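So that you can tell them apart, the chains are marked A, B, C and D in the order they are listed, and the count of residues begins at 1 in each.
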Amino acid sequence: MNRINKKLKEEKKLLSIYFSAGYPNLDDTETIIKNLEKSGVDMIEIGLPFSDPLADGPTIQKSSTTALKNGMTSDLLFKQLEDIRESVSIPLIIMGYFNPILQYGVEAFCKKCQEVGIDGLIIPDLPVDVYSEQYKSTFEKYGLINIFLITPQTSEKRIRFIDSVSNGFIYMVSSASTTGAKTGFGDDQKLYFERISNMDLNNPQIVGFGIFNNETFAQATQYAKGAIIGSAFIKHLTKDGTENLNDFVSSILSDN
Amino acid sequence: MNRINKKLKEEKKLLSIYFSAGYPNLDDTETIIKNLEKSGVDMIEIGLPFSDPLADGPTIQKSSTTALKNGMTSDLLFKQLEDIRESVSIPLIIMGYFNPILQYGVEAFCKKCQEVGIDGLIIPDLPVDVYSEQYKSTFEKYGLINIFLITPQTSEKRIRFIDSVSNGFIYMVSSASTTGAKTGFGDDQKLYFERISNMDLNNPQIVGFGIFNNETFAQATQYAKGAIIGSAFIKHLTKDGTENLNDFVSSILSDN
Amino acid sequence: MKKTFNINEKGYYGEFGGAYIPEMLYPNVEELRQNYLKIMADASFQEEFHALLKDYVGRPSPLYFAKRLSEKYNTKIYLKREDLNHTGAHKVNNTIGQILMAQRLGKTRVIAETGAGQHGVATATVCALMGIECIVYMGEIDIARQAPNVARMKMLGAKVVPATSGSKTLKDATNEAIRDWINNPVDTHYIIGSVVGPHPYPDMVARFQAVVSEEIKKQLLEKEGTENPNYLIACVGGGSNAAGTYYHYLDNEDVKIIAVEAAGKGVDSGESAATSVLGKEGIIHGSKTLLMQTKDGQITEPYSISAGLDYPGVGPMHAHLYKTKRAEFIAITDDGAMKAGMQLSKLEGIIPAIETSHALAIFEHKTFEPNDIVVVNLSGRGDKDLQNYIEYFNL
Amino acid sequence: MKKTFNINEKGYYGEFGGAYIPEMLYPNVEELRQNYLKIMADASFQEEFHALLKDYVGRPSPLYFAKRLSEKYNTKIYLKREDLNHTGAHKVNNTIGQILMAQRLGKTRVIAETGAGQHGVATATVCALMGIECIVYMGEIDIARQAPNVARMKMLGAKVVPATSGSKTLKDATNEAIRDWINNPVDTHYIIGSVVGPHPYPDMVARFQAVVSEEIKKQLLEKEGTENPNYLIACVGGGSNAAGTYYHYLDNEDVKIIAVEAAGKGVDSGESAATSVLGKEGIIHGSKTLLMQTKDGQITEPYSISAGLDYPGVGPMHAHLYKTKRAEFIAITDDGAMKAGMQLSKLEGIIPAIETSHALAIFEHKTFEPNDIVVVNLSGRGDKDLQNYIEYFNL
């Protein structure tokens, strides 16, 4: 059983952390992953940096740009992850835009993911219909779970379709916005969380976008299985570096 | 008999000088006229300055502008000329554009001219047909001779018409150009001078435009009755002031 | 004979017009006078003229119903879109006509004066089109405040010569152009940019611009079922866009005519270009007309924020329309014009030339009936004036 | 089924096109996809669209026979005068269409990206016309090099937001616009300025621009007795003016098609925007197409002297035309373009946009037969580029 599915079965709210590979320094990838696991994080999204990350906000965009300047590439990332499974056991997901993956070759990319022990992919600009028509079998061949997004604007019909194609979790975008754009959740979000929760989907939901402290984490996970933190964590890295990740993680999980 | 006609009967080539009234200083008018007569000049064109002297070149234009800045007006000019006939006997002609005369009132202007002893007018932008239809009788009433221009482009027919309307001399523009624009006469001019001379007109011709030294004066008066100097004299005034006019005049007349 | 506000056979509109020119200009002006009607009447001339207006200039220019502006002022406002002409103003109607005229007169060199630069650009344009040498005189101050148009003229291969005398604006550029013409009496045609100058210029330019009212008649018939608007409105610098707008309606007194002049900082501020109110009869640039002058007959230096209206005279047609009260004359200040220009931009998505903005300001000064059809000549686009707008509004 | 180079029902031109968008954009893009053909087919839409094209934009734009240019190159050159459109380029054909689309979709806020500023101005213009809020994203570098257009957008009431990431040009402005749309998924319509972006944008924009080839057919029939030229030539940034020029001829292979791209300082100089030659298949701004990228799939920062061609991708229609060899692709350097622009100015009195100058440079690179009918889309006027021309030629 894929590590993601196993993790989702645990009786707890899951904390997932996103970071851009190659940021702040080219070789931080392994350190960050290890320290995050040590700090009690449940799942990690490793961002494969892209020149034109149009679904991301300024924080992640900037970290992507720096990572690229530092020299990050798909090849290098796989190299950095070569031995990661010797020390890390939580689910690892690569989150990246479709073009770099397309250039690598979708099958070659999936194969590499399997080799280094990646469990799933999030590709925001690979639409679910193209995926299911063209790439689903390849992903499955290499044991990869592809994760789709839904937003407050996604229709019920479409959510059900996405649910039917998914076999891990659904990435539930908290509000229609690029990452890092909003501060705190309002009534709209809570109604939305509740609405989705009431849909009784096959796949659990993990909330992303707009989670930056223990309060928003708690709100997000009241209805959902877990939550993903991206921008807030990047900001922490920028400010405090790769070492004291424990502080950040426990500040999120405190009171939980 | 009008002083102009009398002068034209003299057995000599006539030197006529143009200057802008009120230049270089507002009150130079009388001094310049007197000194010119003393230096042996035969006739004087007193320029009534105009803001937009479009038939003049840069030198005369500038002297006009200065004169206006100094405060020259039609009224003031007549005032400065009030007693001129007490000391000066050569023909005096006012040369000015039509608009200031129109504003003064054509009849009032002519009357004033007669009162102070002006003998004729040159109004470059008063066309001969408008003159003969509307103003001829007024000019004649006040004993004023109106002087018309011809140029190398003027047709024979039109020259004959102008000749028929004239009763003093014809102002023969040496070349199609604004004043002060050319240096020296070429074959074209000489052919033109000769052509006009051979027309046997009723009115003698005086050449203007482009005369600035004894050589050009001599060339111009080979076929014509006299010549008018404007820009060259203004330049002299600008450089040497109103006193030593004798030097300038005799430099023109030397060798003659 | 039917009463007419148009020119008579002697070259006068009532008492205004004529050709008060130095003899040096006589052969040129006379050659033109004797030939212009004959040449214009020629079928091949008309054909070439109209083909260029259509395929090169982009005529007919639309008659656009300005919905939001009409709503705001509760009347029916149509804009005659001369701003869409090639080079961006009505000026090119005239330069196309005159370059064809120059060719038929065998001229090989063209000169022009320009204020806002629109006429200079329009002249440089047709000279490039025909491969004819082009010299444009432009006041030093105008060169500074209309930089984009100076650049365009250079791109088009014209030589731009600064006029440094007097107020260093349009009047002085005109003086310089006339001087050039005097100095080049044989090979050169002078393309005057408005309905000013000695006869036959005012009439010739008006006839070339008359295509504007010819089109309005057709277009209005199509849109409103009548050829006749209640009002025709145009700004007046020299008066060419106005002359074109009025031309075919001059003798139809059912159609009211409004001419808008530039009041500058106020008609009585001493810094104005409101010629009809402030002017007196006199001679400017070879024409008897109304002009701003001292009581001594010296021509005054006018002022307007718009370089194209910054002229102390007005065409003799307009002097006559003023004198006979056939047209109502209204003066609009810099401020009024700038606001009206900004408003058109915001309401209709059209940035007008500042000259044109004066005409548009009429709606703040006069109330029209809801059913009135009001046609405004949108004489030019505001691209050349962006810097002025930006500075004025601190954008 | 007849062979077609046009889009299929799934939103692809051959293998190019589609909608590779984040889920956040899905509702917006899907709403558009489901409605655009229906809305465009509506008689009242067509009526309003064509009325505005006629009375506001000034269509039809002339098809002008460029006599002196034709003589120089010994062939028959027609220029499709999109430069005479209101706002000065072909871009407005699309924005007029899209603003009507936005209104029918009930949108109250409009965003756009712009490179040269022409699309930004065209968008700001139609938003002013309709009284709709307008935000335009523009690369910081483009803001500096296309200052006149920035000023125009401000005059028109639009907010211009600088894109400061990446190359700070068109690609980054597009990213920012997409981000804005993600953040405003309900009330906002995104007016894309070219035949790029996720389906249905390329098709919708091409259909709005298709009025260009519709008119060429009629005009050529009138002038040459045939609807079909031998060659159609257009510059390609995203590809909208080209798409409009080719549209009704796409499947008529008697008519040869030439697409001109910007070679910048040379195709192999590393400073170029010649997408088809330098590009590989990939995804940019939601569309599968050809784009300039590293072997790692990072999108390259392109370079061209012309802000409107400075885009690393190309519309999927053009990728398909390239791949199938239906069109010949030629890359023109900065220098070649600047010279061709200056030449048109001097020979025909038309100052073209630098984008357009690339298309005009074709005549130095390819010889046509004396009897060939060659139609070039004169996509825009050069007023916005004067400063560049002046500096380049030291005028």
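In this text, contacts are C-beta pairs under 8 Å (C-beta built on N, C-alpha and C of every residue); 3 or more make two chains touch, one makes a residue touch a chain.
Remember, it's a predicted structure, so these values are computed and weren't measured experimentally.
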item: Shared chain contacts [subunit A and subunit C, defined touch]; value: D
item: Label of the chain whose CA centroid is most distant from the centroid of subunit B; value: A
item: Centre-to-centre distance between subunit D and subunit B (centres being mean Cα positions), rounded to whole Å; value: 67
item: Distance between the centres, which are taken as Cα means, of subunit B and subunit A, whole angstrom; value: 96
item: Between subunit A and subunit D, centroid-to-centroid distance (C-alpha), Å; value: 37
item: Two or more partner chains touched - positions in subunit A; value: none
item: Per-residue overlap in subunit D, given as positions that touch at least 2 other chains; value: none
item: Topology of the chain contact graph, where touching chains are joined (line, ring, star, complete, other); value: line
item: Touching pairs - complete list by chain label; value: A-D, B-C, C-D
item: Of subunit B, residues touching subunit C in the complex; value: 50-55, 57, 61, 65, 68, 73-75, 97-104, 124-128, 130, 148-151, 153-155, 158, 173, 176-178, 181
item: Sites on subunit D touched by subunit A in the complex; value: 18-24, 26-27, 165-166, 171-172, 175, 178-179, 182-186, 280-286, 293, 295-299
item: Partner subunit C, residues of subunit D touching it in the complex; value: 54-56, 58, 61-65, 68, 81, 83-86, 88, 124-129, 131, 148, 151-152, 154-157, 342, 345-351, 382-383, 386-387, 389-390, 395
